[in-house]
C-alpha cells in the first residue's frame, strides 16, 4: 500500500494556477525529495497535503485513507506531521515545554483536566529521553526564542517526529542554516527511522541528491519529472529549469 | 534530574506553606476588620476570581476579550431574578445561574470563535453590549436602568440566613476561593498547557494534532462560567443588580486588572484586582474622576509595564540574578 | 451616513496600521463638542465643521505619534492605550461640558424640509446623505486615483517592501490616523443637529462602528459604506418597532454575517 497518494491535485488562487493536476505516489519508508525553482508550488503542495488549506480539486490519501477534506489536526492524528518553511515553534515556552506539548498531543486523554502536568512523570521522562537522543538536553530550560537558529530548526523537526508520525513532511529543513550547522541536521535527517516515510522540499541540490530515494520535480505548478537521483540528474529538462542554479 | 527534583519539592513545600498561611489569614480577617473593610475584602475576592477567569482567556489562550462582563452580568441577573421573582434558594439559584451563563457563553462563543484577533475583540465587545442592551431595555424583566433591588442574601436553610457580615464573608471566601483553586488547577493541567501552546502558535498546535477550536471553545466557556460565579456572588453581596454589571467599563476594568497584575500568571490578575478595588475606593472618596484615573493607568501600564506587576517583579529578579 | 464617516475612519486605520482604534468613539464625541463650541462662538456652521474636525485630527495625530507608533503591531498595548484615551476623553468631556445632552441648531440653509410624494423630508438629512456620498467618492478617488492612494495600498499590502521602496510609511500612518480622526469628528459635528451632543455618545457610536465594520469588513471602504447603510437602517427600524430590544436588531445581522462570512461582506483575510 502506498504511504501517500496524490491524485490530480490542483490549486487556484484568484486566477493564479499554483498547482495543476499534480499526481504521484510515495511508498512507505521512501525518502521523496520535492524540488523545483521558486514558485513551482512546492510549499503550496505541502500546505494542501498537511491540510492548511484545501485543494481546488483532486484527492489525497494517506495509507489508502482519503484525507482530502480532513482538517489539519485530524491528519496529524492519522500520522501525518510536518515542519514549516518559517520555523514555527512555541517561542516563549522552554524547549522542554515544546517537546512536552508535542508528546502530549500523541496521548489521547479523555479529560485532560484531571491531573496536573507535573504529575505526569512518564511524559517528562519521555521528553528527557527525546532531548537526549537529539543532543538538546542542555537547552531544555531555555526559551525556544533564545536558542540558535540551527537549534530551532532541529527542534522543529523534533516536534514533528515526537508526535509519532508515519509520514513526515519537511519543508526546507536546511534553509537558513549556517555551514557549521548543516552537517548536524543532515545527520539527523539521515538517521530518521526507516519506517517513517519522508517527503522533503529542498533547495540545496547536494542535500537533495544525497538523501533522496526518488525525486519529484515541480515547475510552475506542474509535475515536470520524477525518478531516482541518476534519472533526474541527467534529465535535460530539469537542468534547463535550473540554469543559473547549482 | 535528582537535583531539580529536590529543589522542586522544596518549592512545592514553600508554596503549600504560603497557601496555608493565606487561608489562615483570610479566615481570621472577619474578626479583625470592621464591616467596611470586610466588604472591601469581599469585593477583592470576587474581582480576583473575575480577573483570574479572564486571565484564562487572555493570558493562557491568548484571546483578548473586551466583553467578559457579559458573563459576570448574566449570572448576576439570573441569580437576582431567580431569587426575587421565583424565590429560589441559593442552592438552586446559583447552579442554575451557572448553567445559564454557560449556555449564553456557548452561544456567544460559537459566534465569536469564528474570528480571531481584532475581529474577536470587536465581536466580544459587541456581544456584551447586546447583553447590556437587553438588560437596559427589557424593563419588564430586568427593571431596566433601575435594576433589581433587594436581592436577598443567600439562606442556606430556612433558619440559616447569611445576611450577617461574617457568615456572608465566609460564604464568599469559600466559593470564590474554591473557584480560584479550580481555575489554578485547570491552568496547570494538560488542558491549560495546551492553551498556552495555542497562544504561542495555533498552526503548530493544529499540525501536532490538537483540535484547536475545541480547546478555545472550552476555554471560552470555562472562563465565562467562573466569571459568572463572580457575578452571582457580587449580586448577593450588593443585594442589587443593574445594567452596570454588564457595561463596557466593567469589561475594561477587569481587563486592566489582568494586565496590571500580569497576564498569564493567575496570581497576577488577583493582585491586579486587589489594587484596582482598593484604588477605586480610595480615589472615589476624593473625586468623581475615576474614569480619568483608570484611563491614565491603562496608558501608563502600556507604556511602562506591559508585563504587569508580576512581570515587573520577574524582571527585577532577573536583573538581580544577572548581576 | 454618519456611520459611514465613522466606520470609514476605523476601517482605514485598521486596514493600514492594523490598529483597532477604540478611541474612535471619542473623536466623534469631541468633534461634536468642539463643533458646538465653535458654532456658539462664531455662528458659522462651516467653521464649526472644519474647525472641529481639524482640531480632532490634530489630537489624533499627536496620539498616534507619541503613544501608538511605538506599539506597532502589538495588539494588547494598542488596546490599552486607545481604551485609556477613550475613558480619559469621555471624562474630560463630562467635566467641561457637563452631563446633560446639548443640542446643536441646524444650519439655516438646511433648516427646512423638502416635500416629496407627500412625505416631508428634512433637508438637513438629505444634505448629510449627499455629503456622505461626496466624502465616499473623495476617499475612493484618494485611494484609487492618486499617488498617495497608491502608496497607501502598497503599504497595506506589504509594509516592509513599501518602506524599502522609500515610501515614508510612518508619516503615512500618522496622516491616515489623523484622517480617520478627522472623519469621525466630521461625523460628530454633522450629527450634532440631528442626534444632539451628549456624554456616552462615544461608546454608543463606537459599538455601532464596530458592528458596521464587522458586517462590512475591516479595511474595506465599500464595506464601511454598505455596512453603514445596513446598520443605520436597522438601528432606526429597531428603535421604531422594537424599542425595548433595539440592540437586538443589530445583533441579528451581525450574528448572521459571523455565521456565514466572518470576515465581513467585503473584508479581506
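Some notes on this structure:
As written, the chains take the letters A, B and C, and residue 1 is the first residue of each chain.
Assume a contact is a pair of C-beta atoms (placed from the backbone, for glycine too) under 8 Å apart; a residue touches a chain by one contact, two chains touch by 3 or more.
Fair warning: this is a prediction, and the values are worked out from it, not measured in the lab.
Taken together, the touching pairs link the chains end to end in a line with two free ends. No other pair of chains shares as many C-beta contacts as B-C.
With centres taken as mean Cα positions, chain C sits 33 Å from chain B. For the pair chain A and chain C, the distance between mean C-alpha positions equals 46 Å.
If you average the Cα atoms of chain A and of chain B, the two centres end up 41 Å apart. Contact residues on chain C toward chain B in their complex (touch as defined above): 14, 18, 20, 67, 71, 75-77, 79-81, 83-88, 90-92, 95, 203, 207, 210-211, 213-214, 218, 243-248, 250-251, 254-255, 258-259, 262-263.
Note for the complex: chain A touches chain B at residues 50-52, 71-74, 76-77, 81-82, 84, 88-93, 97, 100-102, 104-106, 109, 112-118, 120, 128, 159-160, 163.
Contact residues on chain B toward chain C in their complex (touch as defined above): 64, 66, 111-112, 114-115, 117-119, 121-123, 125-127, 129-130, 132-134, 137-139, 248-249, 252, 255-256, 259, 263, 289, 291-292, 294-299, 301-303, 306. Contact residues on chain B toward chain A in their complex (touch as defined above): 1, 8, 185-186, 188-194, 196-197, 200-201, 203-212.
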